[in-house]
Amino acid sequence: MSKIAFLVPLFPLVGFLINGLGRKFLSKTAIGIIGTGVIFCSFVTSCILFQQVCNASCEHQTFNAVVTLFNFIKVDAFTIPFAFQVDQLSVLFLLIITGIGTLIHLYSTAYMKEEESHHFGRYFAYLNLFVFSMLLLVMGANYVIMFIGWEGVGLCSYLLIGYWFKNNNYNYAAKKAFIMNRIGDLGFLLAVFWILLKLGTVSYGDVFANVAKLSSFDITTITLLLFVGAMGKSAQIPLYTWLPDAMAGPTPVSALIHAATMVTAGIYMIARSNILYTLAPSTQAIIAVVGLATAIFAATIAVKQNDIKKVLAYSTVSQLGYMFLGLGVGAYTGAVFHVFTHAFFKALLFLGAGSVIHAMHHEQDIRKMGNLKKHLPITHFTFLFGCLAIAGIPPFSGFFSKDEILAATFSHNPIFYYIGVGGALLTAFYMFRLYTLTFLGNFRGSAEQEHHLHESPLAMTIPLIVLAILSTIGGLIGIPEVFSANSHWLEHFLAPIFAASNKLITPHHLEHSQEFMLMGSVTAIIILVIAITILVYRKYTLKENESNWGIGKLLANKWYIDELYDVVIVNPINAFAGFCKNVIEKSGIDGLVNGVGKLVAYSSRQLRLLQSGQVASYLLIIMLSIVVFFLIWFNDTTITRFLNNIF
Amino acid sequence: MNAIIFSAIMGVVMMFSGIFTQKKSAITLTAIIALLVLLGANICETYGCFSIDVNTHNLLHFTKFGLYFNTILIAATLIFVLLSGSSIEKAGVYVADYYALIFFVLCGTSVLTAYNGLLMLFIGIEIMTIPLYILTGSDKKNLKSNEAALKYFLMGSFSTGILLMGIALVYGATGSFGITSITSIAPTSAGALPISFLQVAGYILLFVSMCFKVSAAPFHFWTPDVYDGAPSVFTAFMSTIVKAAGFFAFLNLFEANATILGPTWKILITFVIIATLLVGNITAVFQQSVKRMLAYSSIAQAGFMLFALFSNNDLAKEGVLLYAVAYSIATIGFFAVLVKVKDHTFDGFNGLAKAHPVLAFSATIFLMSLAGIPLTAGFFAKYYMLAAVVKSGGSFWIVLVALGFAAISVYYYFKVIQAMYFKQGEPEVTSATVGYKIALVLVALLVILIGILPSIVLNWFYF
Amino acid sequence: MPIQYYIYFCLALFSIGIIGVLTRRNAIIVFMCVELMLNAVNLLLVAFSKMHHGAALLNNPTTTVGIDGQLFVFFIMVVAAAEVSIGLAIIVMMYRNTHSVDINFLNRLKN
Amino acid sequence: MNTVQILFFFLSVLAIFSAIMVLVSKNPVHSVLWLIAVFFAISGHYILLNAQFLAIVNLIVYAGAIMVLFLFVIMLMNLNANAEPRKRWWMKLAGVVSGGCFLVVLVSLVQQALDLTGKETLMKEGNIGLIKNLGKVLFSDFVLPFEISSVLFLSAMVGAVVIGKKD
Amino acid sequence: MIALLLILTPFATGLLSFVMTKGNFAKNFSLLASIAIAVLAILALNEPVAPTFDVAWLNNLGSRFTLKMDGMSKMLCLLTAVSFPLIFTAVYKNEYKNPASFFGLMLLTQAGLMGVFLAADALLFYFFWEFALIPVYFLCSIWGGEKRIQVTFKFFIYTFLGSLLMLAGILYLYFHTANHSFAIQSFYQISLSGKEQAFIFWLFFIAFAIKMPIFPFHTWQPDAYEQSPTATTMVLSGIMVKMGLFAVLRWLLPIFPLATVQFSNIIILFSVIGMIYASLIAIRQDDIKRLIAYSSIAHIGLMSAAIFSGNKTGLEGVMIQMFNHGINVIGLWIIADLIEQQLGTRKMSEMGGLAQKAPTMAVLFVLMAFANVALPLTNAFVGEFLMFSGLFRVNLVIAAVAGLSIILAAVYTLNMVQKVLYGEVSTTVSNAVEISFNAKLALILIAFAIIALGVFPQPMIDLTKDSVVGLIIKK
């Protein structure tokens, strides 16, 4: 029944091939239809799979189908099948990826309309390839297939960030993204090797079943190394700097890859390996700390950003931090839930931003916007929904998922909780700063821009509307127990995945009253923050030489982290490489090799002086040699004795 | 015996051929025919067919190995004359005399391949060298040639003095001049020295003078100057056939005595081998003249040949045979090209491949053979030498040293190839006939053939 | 006479010859010193020949042991004669071209 | 000390003195004359050793023919004492030292060689040095090198022609 | 018989090509010949038992002309056989002076390479080892760049010195065989003491290390790659370096088990140092050819480290990576050559925006580049995965350090891609045009192989499985 699973990635692959190879022959319409169509087909297939999984879990059967296509690598020590795993977790991600993917493809057909035909084809080819890779990542039944997807999405991210390849800054951003991802990938890879070494298999089923065979050191190391992979892919401290730069890519790309799907791969991976992490509490602690730190850190930076996409990018980093916090405190369902809702509202926000940028003719500075609600009503409303969702206003989806994570954090460690809440307040602040500057107040752009302001075409607004609806109601799949018992559909749905972990986690449930109080107070404060923010920023006027000072300057410059990396890592490596190239290689090793040659030449020049041309000196050397021969032969004892006698 | 008699007769015939004809090519033709006769005579003897039955009173001892070696020398001379006949004709006016002297040298080599006592060794060496003094100085107007001849002569006679002193001391110790008898009378008297001092001293002096003859360092000094100064054709002859014969004599002399000389003997030989390889290879690197480079390279090759003496086993014997063939043919061949090129510096060879591809190709093969590149005869020659050393056991490091020097030798040999193939230039080349070219290519192919199947040389030895 | 005396004497002559070769510059004199060396060898050979002969006479009054040594000397003389003729010819040729017999000037060929 | 011994030492001293004089004489002609003196001394030794044939041959061939040839050449070239410039002193010293070393080393070794003690040369007696005996052996056992020597002379002759003839 | 044909055909056609007076004819002839050889090699793949060929050769030396074609040989012969048609296709439009000689020498090189991979007799192996070198020497020196003579000479003497050391080792071993034979089986049966092994091992290893080349014996390589005509560079880096690896697998590991165990750590260490070192240098390279050269050193370093990891996983990785690296690096060289031909420069700082002028090439270039960084689903990934995995089994830290090269590879490869393809069109690029059909064909074939072997590596792994088993059992 899950035989159709292979179709899910196959459709995007076909789309990639058609668009990629035929980009010069196909019309834009055809490309758009093919590009979107294949993803839609995948979506449909995913829905069918979802249905099957649902049916199975409703009947309380463990649905855990592994579809093996062929043996990818089979060597003596291990076998790595090219296999897909269709279960609750993967099917959920399939829906997100293909669903949002479809919407964003649709959106892109309009957004990228101005591109030349073959670039348009290239764009869709990349996008399809990305979906294909992402699907491999999610569906892979073992770590290697996941790694294939893992690197594949990195590649597509690289290609799409550098889509406008004429601009070298974009290329640098793309390169940075790829290399930072690679750092993480190395960790991932080492973890895979470790697993292979200890267990001889990388298939999830076998690994999780044999987890008992691993020592706690092994598990800690493996989980840490995997987490390094996740850090890279999901932009956590210290490997987060690529994500804001990745905004160089087309906005739909940011929406799909750098908000909704790819960056959540790390969460997926950890959720997938939850049993390992549950058994490695120290790793979990690290994850929680890193996640929380990232959440706060990115939020502080977002406060001072003026580029509409940058704000969203840091917000993404921050939200990913929350997800890791959730994972770190053992709230796997919560993390996945947040992935789910975040995918909706962050995609929505990015697409909305895209719509704004589209309307503003590629103006991205929010200080030069304002009062756009008049011209872009649909965008405005959908964006507002998104903001409310991310700020965590009930009953928008963000509220439920974030609350679940924070609740779990509270029971885990209250200090983390308060810090997390602080981050949530910052989120509300910067999101509504963004919203206010963009849509409220006065228009601060040029007159020409104002003249051309218009609402986006249907292909762009439909995804916005759909996503806005989903952002609003998406939280309903995970209503906390507080409100009604057994209402958390997601938890039940994913229960088989986290079953093993849940057995090991001692649930500390909060008192309902306490939970209500926390929820209520936090919500109240957030609303207060929003109100203040709107009031402050709706009066904002563009100042020419806006200077930041103190902490503001620090934040505006992103804590100087890029500069720090340059000084601490990049420059020394470059300098060392230069030293290798110019000194060690040239003077050292090659010098040694050439030195041998020079030595020969030198000794040649010296030795030939022996050939003086003088017969007498030739004969002299002969005679001396004869004497030496005699001395050698008779070990010169007899001769010294003689010499002692005569003198 | 056939070879000695026929070479003497043929020498006289060549002397007189100059009286009967003034056509130089006719003289060359006569020489070729005479060489063929000589070759035939020598081969006949190997198969037991003698012209005159001479009682040598044990002064000469004809072995299969020696006769076969002599056959090789004569054949090499034949190749030499075939390739360089025209150059000999241009070397001077006394063409017939030159050929006569070459035949007298062959007489000397025939003696050396069969000698069975120090007397015949001495006479053989003298017969071989005295014509060489003359050939070296045959370019009378050329001061370099004069100088070379005088140097060669002075140093040669000096080394003869050393040789004779050695012989005298050995005689004093043993009372005999025979090689075999010397070994049988190894003194065992209890003294300060394990064997008779006179004998050891004699052998050291003999060793030195033989080293001189085969130009092993540090007794090699005459070689570069003489090879450089002598007319190129005769250098080719001297550095190949004569040297090979010298080696044979050297090997024969010490083959039987190495055992009684004991371990110190190896130290001396090792010293000489290393010195020879060092001087030959290193000094050749810096040479500007190809001819002089070849002189040094011939020293280096001698270093390799000395391994036969070092290891002193059956493999060494075969090896020296193969070495003589490989080295002689390649050197003769390369000199045949060299004499055609007017400018003997490396730059003189620039662009030869373009102007004269056949010459360049053959020269490349010869040089590769000299460098010991596989699939040329030179490789197996070196191979046998080193294999012999390994087989004799111990001293593996000396093989490594030798190989290091072999790598250096590639440097200077390939400098010529570089000049010919990779550099631009207009080399001045005296006209080469079609016959010459065909002969050259055939010799080059022979080098490759031996390189692929060395057994064609060696199997004759086993019959 | 003890054989050592002859050996010492001949070695002395031989060494004087060598020293002459090494120190003189006149090619002719150098050559003469070589002849001196040969003569030292000759005498040594004869001395040895007589030594072996004397030893053999004790056992066999008609022996000819040692005669080969004297014959060897004869051949050395023969060869020396031939060598001298060639040597002098070469020296004369050299002199004709350079008007000098100084071997120190023989340095066109070097290095 | 008997006559033979006196004669031996006399001839030896004469020979060595003359040999040294060959070296140190400035004038080549003097060198030749001193060398002839050496040859005479050596011939005297031959006679002492009863090697009459060699004594005579030495006189005829060396002192008579070869040295006269030398003399002729020297006269021909008109070389005199000043014709030979000074050699660098250290070259001379090195020559003397190395020749001396050679001598010292060999002499010291001969001294150590115990197997030579007691061996004596036969003086005056023994008839192997007589022409009759030598001739017999020369033309029977040693006929081969004798014949082959002809090749040597032939080549020397050819060589002299090739080199000596003016073209 | 097919084994012999694989050597004879290129040899004979190479010689034939020399005598052809018309350059164009020689070119076409060589292309056809190389295709025929490729067909032969593919036919050989299907032979169920290892094809052998054996005739008497040097009887009194104990050497026979023995060829044996096991899985590893099959694979490398296949690599050799398919590379040449690709190379010939790629350079089809290039103008060479005296093309008859050029293609003749190329085919002779192929014959030598085939011989190396097939020889089952030490002396024969040595012969082919040298025989492969000579034509390359001429190719590089005649058709190379400005500094070709010195550079090639250095390369030649360096490798020649190495092979001389190997010869010494062979000699030593020969006299330790039971029956004084050069046959590989006799060599395998030699039992040497640990001390002897430790000594002779290095003689062989240095020869192979120079050929591969691994740090610190690599300095000839970037110069040689830079100066050689690109067709030759492809042979050098694609196939010839595999000679070294192959030789280690075939001749070193089975003969010196003790020494291998003893020294594997230090060799792995040097290989890994070399990887990082070469990667770092590659980061700072501005010359595209040198960059590829250093990248190749880094890759070879990994292979050599994996060989000495001494487990099946690593060895199987090496086996297939030998093939994959060959294919990939040839692809990169084709691109580098095209770029140099079009732009007249190899300096990447002068390039930029080539993707706009030659989009097809850009796509293929990017693909090759990502194969170079071993992206999954390209062929290189499988090999590197297995090799790292094997290395990991030996030493975690070393594997982790070696893993840094994954990151560094991304840095320099993407640098290259970016500088060449992206950005605004620079002045040197402004006249560039799309690549010609033949180059496209060659590159597309390579691209196809990259993807196909990246997705379905298993046939390749199966092909060489037996060879690996042989290597391990002896230990």
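Letters A, B, C, D and E mark the chains as written, and numbering starts fresh at 1 in each.
Heads up, the rule we're going with is that contacts are C-beta pairs under 8 Å (C-beta built on N, C-alpha and C of every residue); 3 or more make two chains touch, one makes a residue touch a chain.
All values reported here derive from a predicted model rather than from experimental measurement.
Asks: Which chains lie in contact with each of chain B and chain D?
Replies: Intersection of chain B and chain D contact lists gives A, C.
Asks: By label order, what chains touch chain A and chain C together?
Replies: Neighbours common to chain A and chain C are B, D.
Asks: Between chain pairs A-E and A-B, which one is joined by a greater number of C-beta pairs in contact?
Replies: More C-beta contacts join the chains of A-E.
Asks: Could you find the chain whose CA centre sits the greatest distance from that of chain D?
Replies: Ranked by distance of C-alpha centres from chain D, the top chain is A.
Asks: What is the identifier of the chain with the smallest separation between its Cα mean and the overall Cα mean?
Replies: Located nearest the centre of all protein C-alpha atoms is chain E.
Asks: With centres defined as the mean C-alpha position, give me the chain A-chain D separation in Å.
Replies: Taking the average C-alpha coordinate of chain A and of chain D, the gap between them is 101 Å.
Asks: Could you work out how far the Cα centre of chain C sits from that of chain D, in whole Å?
Replies: Each chain reduced to its C-alpha mean, chain C and chain D end up 5 Å apart.
Asks: Just how far, in Å, is the C-alpha centre of chain E from the one of chain D?
Replies: 71
Asks: Please work out the Cα centroid separation of chain B and chain C, and write it as a whole number of Å.
Replies: 26
Asks: Of all residues in chain A, which are in touch with two or more distinct other chains?
Replies: Answer for chain A, listing residues that touch two or more other chains: 608, 611, 613, 615-616, 619-620, 623, 626, 630, 634, 638.
Asks: Could you list the positions in chain B whose residues touch two or more of the other chains?
Replies: If we look for residues of chain B contacting two or more partner chains, we find 119, 123, 126, 130, 133-134, 137, 140, 149, 151, 154, 158, 192-193, 201, 224-225, 411.
Asks: Residue numbers in chain C touching 2 or more other chains?
Replies: Within chain C, residues 3, 7, 17-18, 21-23, 25, 30-31, 47-49, 51, 55, 65-66, 68, 71, 75, 79, 82-83, 86, 90-91, 93, 103-104, 106, 108-110 contact more than one other chain.
Asks: Per the touch rule above, enumerate the chain pairs that touch, sorted by label.
Replies: A-B, A-C, A-D, A-E, B-C, B-D, B-E, C-D
Asks: If we count contacts the way the header does, which residues on chain A are in touch with chain E in the complex?
Replies: 70-78, 118, 144, 147-148, 150-152, 155, 158, 162, 165-168, 171-172, 174-175, 178-179, 182-183, 185-186, 189-190, 193-194, 196-197, 573-574, 576-578, 580-581, 584-585, 589-590, 592-594, 597
Asks: If we count contacts the way the header does, which residues on chain B are in touch with chain A in the complex?
Replies: Answer in residue numbers: 151, 154-155, 158-159, 162, 192-193, 200-201, 204-205, 207-208, 212, 218-219, 221-222, 224-225, 264, 267-268, 271, 278-279, 282-287, 408, 411.
Asks: Within their complex, state which residues of chain C touch chain A.
Replies: Spelled out, the residues of chain C in touch with chain A are 18, 21-23, 25, 30, 103-104, 106-111.
Asks: Quick check: in the complex, which residue numbers of chain D touch chain B?
Replies: 106, 109-110, 112-116, 140-145, 148-152, 154-156, 158-159, 161-163, 167
Asks: Name, in rising order, each residue of chain C that touches chain D in their complex.
Replies: On the chain C side, the touching residues are 1-9, 11-13, 15-26, 28-29, 31-33, 35-36, 39, 42-43, 46-51, 53-55, 57, 64-68, 70-71, 73-75, 77-86, 88-93, 95, 101-102, 104.
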